[in-house]
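So, here come the structures, one by one.
What follows is a pair of complexes built around subunit A, which joins subunit B in one and subunit C in the other.
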Partner chain A sequence: MSLLGEDQLTEDGEFVINIGPQHPSTHGVLHLKTWLNGETIVKIQPHLGYIHRSIEKMCESLSYRQYIFSTSRMDYLSAHMNNQACVLAVEKGLGIEATPRAQAIRLILAEVTRLTSHLLWWGCTGLDLGAVTPFFHAFREREALVEVIEESCGARLTQNYCVPGGVMTDLHPTFQTKLKKAVAQVKGKLDEYDELLTGNVIFEQRTKGVGFLSYDDAISYGCTGPMARASGVSCDIRKWFPYDGYDKVQFDEVIMTGGDCYTRYMVRMKEMKQSISIIEQMVDNIPEGDFLTKTKNVIKLPKGDFYQRVETARGELGVLLVSDGGSTPYRVKFRSPNFSNLSAMEHMVPGQKIGDLVAIMATIDLVIPDIDR
Partner chain B sequence: MKLLLDIGLAPAASAIHNWLSANLKNEMLVTITDMVITGLCLLGFLVVFCLFLGYMERKVAAFMQVRRGPNRVGPMGTLQMVADTIKLLFKEGLTPDGSDKFLFNLAPFIVVITSMLVMAPIAFAKNLQIWDTSIGILYVSSISSITVIGILMAGWSSYNKYSLLGAMRSGAQIVSYELSIGLSLISIVILTGSLKMSDIVMSQQNGWWIFKGHIPIIISFVIFIIASTAEINRAPFDLAEAEQELTAGFHTEYSGMKFAMFMLGEYINMIVVSAIAATIFLGGWMPFHIGHWEAFNHIMDFVPSSLWFLGKTLFIIFVIMWFRWTFPRLRVDQLLNLEWKYLLPISMVNTILVTVMAIFGWHF
Partner chain C sequence: MTNEELKTTVIGIVPDTNFDETGEFLTANVDAKELLPLMEELRNRKELNFNYLFCLTYVDWKSHLTMVYHLISKSHKHQLVVKVQIDDVGRPEIESVSGIWKTAIYHEREVFDLFGVKFRNHPDLRRIFLDEDWPGNPLRKNYVDENMIEL
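After this line comes the complex of A and B, so read on.
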């Protein structure tokens, strides 16, 4: 009857435990096969595919207008940035550019989305480390931002606001005033967040020195986004390959060199401040004019490959469109940030405790549908 | 109110006793009936108090989390816990295949019964104490350490790896933190020279120990609160049931009323540690007095002693809830470090300080 019977242990006497696919801290259907020695993790093996919906294959039978919408369901917290990448790839193929107004709208909404995503991440990080209260506080501020998005494009989570050539509809007349109010609210609360979680002794103990990822490892595992920037890798697509007018706004790429969970946390906290600053610069400077460049009803891209990358809340999202000249893509490939970031976990986790595994997962900021697509 | 709580209960008890003695000829039968009635009263009190605490916890959590908490069932949501209890009563209590069925079903009872036993020597009000044994403090600290057996039993018999990990964590945690609790209790025993609960309360007639005992007793009090939070597996020390790591830890496989009994045990434990802290550090049912402010002291005396006791207990319970809803959880090695590297050495030094203080009579 004993749990530690022969059949339950590996040859080396390790205790195998399956964390997920149904587990409170995997934030979705991720399955981590974990080999334990007491509380210490010896080896970890992520098993994927529980939420694979073959979005890439589906896109091959959808037109260039339609394929954008299924990508909202990949990284659903950065839905707008996913759409943006797809739209920019089509625009690259057509050789057109969105109107200045459309670009500004997309940029602002991308930053608002980044802010909502980081706020949700902040709440979930607290939750994963056992502090329930941050989750509710983060949602209070996120709600204000989401309502601004909802008013303009009608959706709260899977926005689908971008279309080739611009955005679907013009902004709501009250957009600017509401956004300013919401952003001011977030800005005011960020210090409160620091008091609640960042400065907490237990929180620092749980995250400092945990899940170390070196500069070289971050590059060799292909990590991007806040995770790589916490290891000192400069990889912000907004700086390196500006799109939609990111070259015209002032912001700093947050780079820190700690490489542990605490640094990853701090990078995201600082990124929120940068996003707020970008929104504040742009919100009163949205150019007047059309919100949409006219395109043909049936978009046909010339034969060739078109690649576009954007910086989502989790890192670099790449969209590769292979066109054979028809009205649907011949092949679509997404380079999703979470997949590469997850792969580094096998390297970071061994030697840590179970509690650290949760902290590491939280600061990687995994969105499982983005890994499987 | 004052009449009912302070004077009423003790005469009521003796009235029942006299009536029983008159009607039941057998002395032993009278004693047994007395005991059963007392036990039932305690049981009823604890269950109702636990329901209230469940409601209070939800409201406290809601207050800290910018939401309203239960507000649909009954006025202000007060009947929410009753509704939840009825739901749990009707739920199927599953026993997993492969589990050790006897131990699996026994474990929740051990947890609840041991935590209820600890209530026996606690003085709820003036003249209201079930069992004023001469070894009160010793009894409390020894009985409360049996709880860990129930938790280990639950984890081991569940045939679930998460449960096993949770139970092992809990075992290490409770056994370690017992030491600090013991040492901080001893500091008061040194000062009063008695293990008897009523003596300890009476010794605080001219001032609570937390005011009389200088800094060493304040240190003891803080250590007692930290260590007892760990002892009863509440956040930030809720490693045994760490939801985000081990789903629900040692009670992962429990459902229905068996699960409810673990929750009941947790809340009773919370009452127990708060009541003990209130008794030994905050003067039990003794009212709050300031020196020679006669008028003020008289007003304080007018508040029933049971309300003083309940108020102090609820204050400490609120502090423990406050911890839970604002702190992240510690990691298992940090938890043990905290006890063995910080709390235990500090309490040892503190015990020496208290002894020196007691010898030279430096306390008030």
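After this line comes the complex of A and C, so read on.
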């Protein structure tokens, strides 16, 4: 694969340039080959695979306990939700359910992870569009949440906290008090965030009406998560197919219909408030009891297909386990949200200015390891 | 639609469909040559309206290969899995569904890359993750990598 096309200037006078693959300027090692007519993008082609590790193949030789942990390295900002999907798929195969306490712990941590992910996204979006300050603000709040996670899980990013039947260890004794403090800190700052970036005239001009994705295209391209919800598609797995007790908490699915970068931004800002509300409802209501159901040391699933989906910070993650009755999966497929969201880019971007590409990339919220797997 | 109604409708389109209800989803096993007509009906009939292809994948069973399509309708909230068996293990080929759901463009490229399945009438069939000159298709069960160590 040559980096440039055959000629830098095509016969139609289009200029071919390569954007990326450089981390962090293109959000990981994303390589976009773009054809330009003046400043307008005529065609765009993402080139993928720079960090392809073939996790699906690796999983075929790992046991049902081990394969969970390789998925923390896919969407590393939603590592906990990736683990959760894998664990739920194994539990579905075994026909067991985690204890109520474990379910509540998983749910809270999933929402904390979503908050940390959205905070990082918010900081990076500001950075991409030329506002450096939001990055530091977001990381200050994110750090408080990550420390709470670290205390119980032992890791900041790749938590690996979920195991079939529950969670690995019980919560740290100070978990609840510290989490309440950290969440209150984030909650107090969200209005400040709005003042800093949301209402900013330059920010609005750079995002409003840019990168439009229609309702039908969002469905046809298989978009999920905040990106699809900004185009009016109802797709929140937490509402459609509740898992780990999401049917018992009160929250709203944020759906807006603008379809542009600004709407995608607003959806995530509103989702942060919903996550905070879920954490506040649950943090004092974690049931007492065991944090782990007993399972056999060597897990063997019955023959068949088991599909489990969860809502990560970026959309629907699906785990398809094909079992032949052995102690390792016969085939594992990860339907990753970013992969489908990225495919819509080839449709959204042509016709936009090259400067707007950065805004589009930022609001799709790409995590490249999740695409490459 | 309930699973029973779905079954009668699908049999109305493709009479010799085998159903499997043991799993989570209703699964329809169809012949490769029936795939495209069935998929078009599933997408376009108002009462079916399967507008969302949420997972497209492949399973290598050594003796044969199985293509798996997971479908859901956003308006009717019913789900269906369509499976197609391909017996030609050496040079697998199948009709592309990317004309019906655009998300299949990328997913089929992934299957082409990692399994070596050729999709007829695909608009842009290139490898997606691996280099153009990468030997073999890594997710196939008969793939041999000289650097791979058996534990």
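The rule is short, and it goes like this: the second predicted complex is superposed on the first by the 364 of 373 C-alpha atoms of A that agree within 3 Å, B and C clash if a C-alpha of one lies under 4 Å from a C-alpha of the other, contacts with A are read in each partner's own complex, and residues count from 1 in each chain.
In this text, a contact is a pair of C-beta atoms (placed from the backbone, for glycine too) under 8 Å apart; a residue touches a chain by one contact, two chains touch by 3 or more.
Just so it is clear, the model here is predicted, and its values are computed rather than measured.
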{"item": "Partner chain in contact with A:P24 - subunit B first, subunit C second, else both or neither", "value": "first"}
{"item": "Partner chain(s) touched by A:K57 [first = subunit B, second = subunit C, both, neither]", "value": "second"}
{"item": "First (subunit B), second (subunit C), both or neither touched by A:D128", "value": "first"}
{"item": "First, second, both or neither for A:L197, with subunit B first and subunit C second", "value": "first"}
{"item": "Which superposed partner A:V322 touches (first subunit B, second subunit C, both, neither)", "value": "second"}
{"item": "Touching partner for A:H137 - first (subunit B), second (subunit C), both, neither", "value": "first"}
{"item": "First (subunit B), second (subunit C), both or neither touched by A:Y221", "value": "second"}
{"item": "Residues of subunit A contacting subunit B in one complex and subunit C in the other", "value": "1"}
{"item": "Residues on subunit B engaged by subunit A in the complex (per definition of touch)", "value": "61, 64-67, 98, 100, 156, 159-162, 164-165, 169, 235-236, 238-239, 242-247, 325-334"}
{"item": "Interfacial residue positions of subunit C with respect to subunit A in the complex", "value": "22-25, 51-55, 57, 59-60, 68, 70, 74, 77, 81, 101-103, 105-107, 110, 114, 128-132, 138-139, 151"}
{"item": "Touching residues (chain side subunit A, partner subunit B) in the complex", "value": "1, 3, 8, 15, 17, 23-25, 39, 126-133, 135-137, 140, 196-197, 200, 202-203, 205-206, 353-358"}
{"item": "Complex contacts: residues of subunit A adjacent to subunit C", "value": "1, 48-49, 52, 54, 56-57, 61, 92, 217, 219-222, 233-235, 240, 304-307, 309, 316, 318, 320, 322, 330-331, 333, 335, 339-340, 342-343, 347, 372"}
